[in-house]
């Protein structure tokens, strides 16, 4: 990612002017505000605004549960209890607004999470910049042979090189032609809303994305997962770091009860109970399908 | 509304400690933070937190429309354009969190607005206070004879007095019995989740309610309307005053293009065009039903 | 629940007239349509309409995953895979519309599930019937001494009797006064929107509730759970039976991967792996708090 | 649009097998079920399922308003009243499920309507077909010189020809390279989730889209509007025809109170009242900005 000097100056100006507020302030977030965290080759994530912190989660829970929550020794204990028992509404009381620059094919996955507010750069009004995602060689993988939607081994040598050349050449040509079509130099200039259709899905777009903490954590659980596509996972990872600074107790609970947690089916629990009694359970007598048995084995190994 | 001295001290403490932040600050909102605005006899509205201001609306719009919005002279012009043309997503970029104390029958109307985050006081966990809404005599009206859901004239003399006596006596008796049932003095004490069913709908509850500005304005348009029930309208009115201080330009646009605006049907527009040409249009030759004609006449008179 | 003869006749008439359709039909649902399933003393659940079946879930998944799903041997295997891996959108492709009659305090819990469409009987327009939920003696419990929001032992003898008498007497008196206030016999008649505030939370209301299968299953997971309040759980149980007839494969997967499943935290998984290797793990060396250890032990016992 | 003979056979088979149902049936919709309505050069809209009809809207309204609605003479009158007064929940009681094939840049606009259920063809799992939207010559317009986001005049002669050639050539080359990269003929074959990034935004995708009638009408109001981009408007127009057959009374009310209706601001209403009293109002003494005055004049002319 390369910020223009104009953009850097704008960020510096925004960070130079603290204001007074009576609101809850998260010191961990203040250090992130406005700065651009680089992601992929031209993308970034920037925190534009936030509302609430760990204490705000507890405060909302205490409105709901009244004196019942006073018995919990401390805020972290309460937050862990809420997370463990899927009491999601107190987490909805925190909100974050991000400015994200990302390739269109990543944006298309991202937008499937519907419970958020979005303002995307409009290519009907404005001209997109000449910026395309070109993967680094170590992220150019073959189609997985075991998983219909995953990646397999990294492509080597000539094959990787050929892929890179294609992506670069097609991006450049498509953008050249986009520019040529909209140019009003000696011609009328094609409507932008039409010209954009010539741009491939690795072009960068940007948006403001505002979401509450509960829905954000749900997004992160799916997109920071090892099975998520690499190109969206790096955004999720960057946001995870921000959340860890913003609401540290909630983030630790999220790691323990969501990211690092495992859901066992009724049949798996039955196997487990038998195994703990010393019984030898094999797939044949497990009640699990071959696929589920494999998933079960994966859960039990580190 | 009567705050306990404990509550007042808490509000004073919260307001005494400004923090430094790099976020956008709305001075108009800072003066409201935490203070309780009295509504009805025991209710209130308190601003607990907020995100964004008029400038944040414009900033989000400019992300969407890029350089296209730079031609608009100023922020207020842009906000008015967005409101007039129903571009709602920039308004979603502002958020507010309120603490509201309100009668249960008002809460039941309010919650029908689904696009918001809510933490309500739980009467399964905790004991509700002995606080009931008893209308002031000037708000005790007869059923309307022209409108199936509205109020007619104010009740007079003995009839109003009898209503007040009933409401007070039934509230008191139901609460006495609620207390008696949950008491564990010499008995086991009924489960709170059961005992609460004896409480009438004028008892007060409270919640944290968090909503974005677009959905808040939609709520206000319906609930600050002259046809809304008085007891929810006073909450909407109190919130309108807060919003006017928070995002003054957006609020002015809301008054002009929503609250004070009128939607004319295709047939009404046809009548209007004929009238402006000098034609005399009566219900008979208007193409409108009697009811619509009446509504049309109301729109055209002040 | 007692249906009037008029209501019975209406249901019979609706069930007597089959139509031809080209849409997907679920035979299991057709037998439920319009009939009232009794719940509590005056409540019911009725299926008014539905869209889709098990095959429709698979069809939607196959649009998403294309030829990738053809390798799955059969529909049930595909549905189990989707449920296990939290692929929720295919389940959203089924929809159900219910007519529910329920006490107001149950309705207030229910409505917290926001992703649904609701039309509730309006007590601003219309007069509520004299129908109140009075619990059966075996469902009148003391407040739990171990769980802030739960029920403990069933109340016995005089205490239970006293509770019943209070609930009946207060309901009757409040309703008598409601009727007296709205009566226009010799007086103006109080506005209905005001009079309703005198009615306690055990009065019955009714609504149409329309929801997609994914969100319905989420509702059922929380409300058919053993920790849910009895009075909403019986509604959830009734709906579970309907869903089992409507989409049998999806319902079986829901039982195995949701209702009967268990989520283990990162720390619990660590304990488990150590236990399976033969190590003796106690709370002290588990990394779990006392409370979590108790929950963990509960998971491992039947 | 060209359906394969396999697809035609599938549609014929689906239409050949009527089932019996006790549900509400809309005859107008039955004739549409499964058939593909062609849109653009390769796209289509197909009705896959539906729930409810005009009568179902009224039935839901009658649950809400009880006996209050019985005074309305007929269903159409009730529906018009509901639409006029923005009582939206009864319209949410109808649901439709569509199968849509559409260019990616249209899909990106469409998905901004968040209150719907979507299953889109996944290019992570499956290979996209070689089908691209190439506009007909009469839909190749210049950028508007008066409207930042609109189209101006149709491009003529050589310029239009050049645009067409570019779009065709770039689509073809990008697809050839997409195929070459994923091919596992003599090489590993690039992961599909990566290869798709080379495809331009005029490639066709497809999805199942399920939405309630209220949100569908909101979508249609924006997307069937004269200012919507042509390429999404033709989809909206096709769906309008379907809705007119499905819920004819609701659709007529939609035309009168939404599509053909006009919202006048407070200032515009003031001007109007003065004009109807015979006063000559000019922009200077109107209280409207130049832009609003122009919009006002447009509303008043046919």
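Order of writing sets the chain letters: A, B, C and D. Residues in each chain are counted from 1.
The definition used in the following text is that a contact is a pair of C-beta atoms (placed from the backbone, for glycine too) under 8 Å apart; a residue touches a chain by one contact, two chains touch by 3 or more.
This one's a predicted model, so the numbers in the text were calculated from it and none came from an experiment.
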Where chain B and chain D overlap in contact partners, by chain label: A, C
Copies chain D and chain C - interface residue numbers shared by over half, same or different: same
Inter-chain centre distance, chain A versus chain C - centres from mean C-alpha coordinates, in Å: 33
Whole-Å separation of chain centres (CA-atom averages), chain C against chain D: 35
Centroid spacing, where centroids are CA-atom means, of chain A and chain D in whole angstrom: 30
Multi-chain contact residues (two or more partners), chain C: 65, 68, 118, 122, 125, 148-149
Chain contact graph, described as a line, ring, star, complete graph or other shape: complete
Chain C contact footprint on chain A (complex, rising order): 65, 68, 71, 77, 81, 84, 86, 148-149, 222, 255-257, 259-269, 272-273, 275-276, 289, 291-292, 295, 299-302
Partner chain C, residues of chain D touching it in the complex: 14-15, 17-25, 30, 33-34, 49-52, 56, 59-61, 63-68, 89-90, 92-93, 95, 97, 99, 117-122, 125-127, 206-208, 210, 212
Of chain C, residues touching chain B in the complex: 103-105, 108, 111-112, 114-115, 118, 122, 124-125, 133, 135, 140-144, 148-153, 155, 159, 162-163, 166-167, 170, 173-174, 177, 180-182, 184, 187-194, 196-202, 229
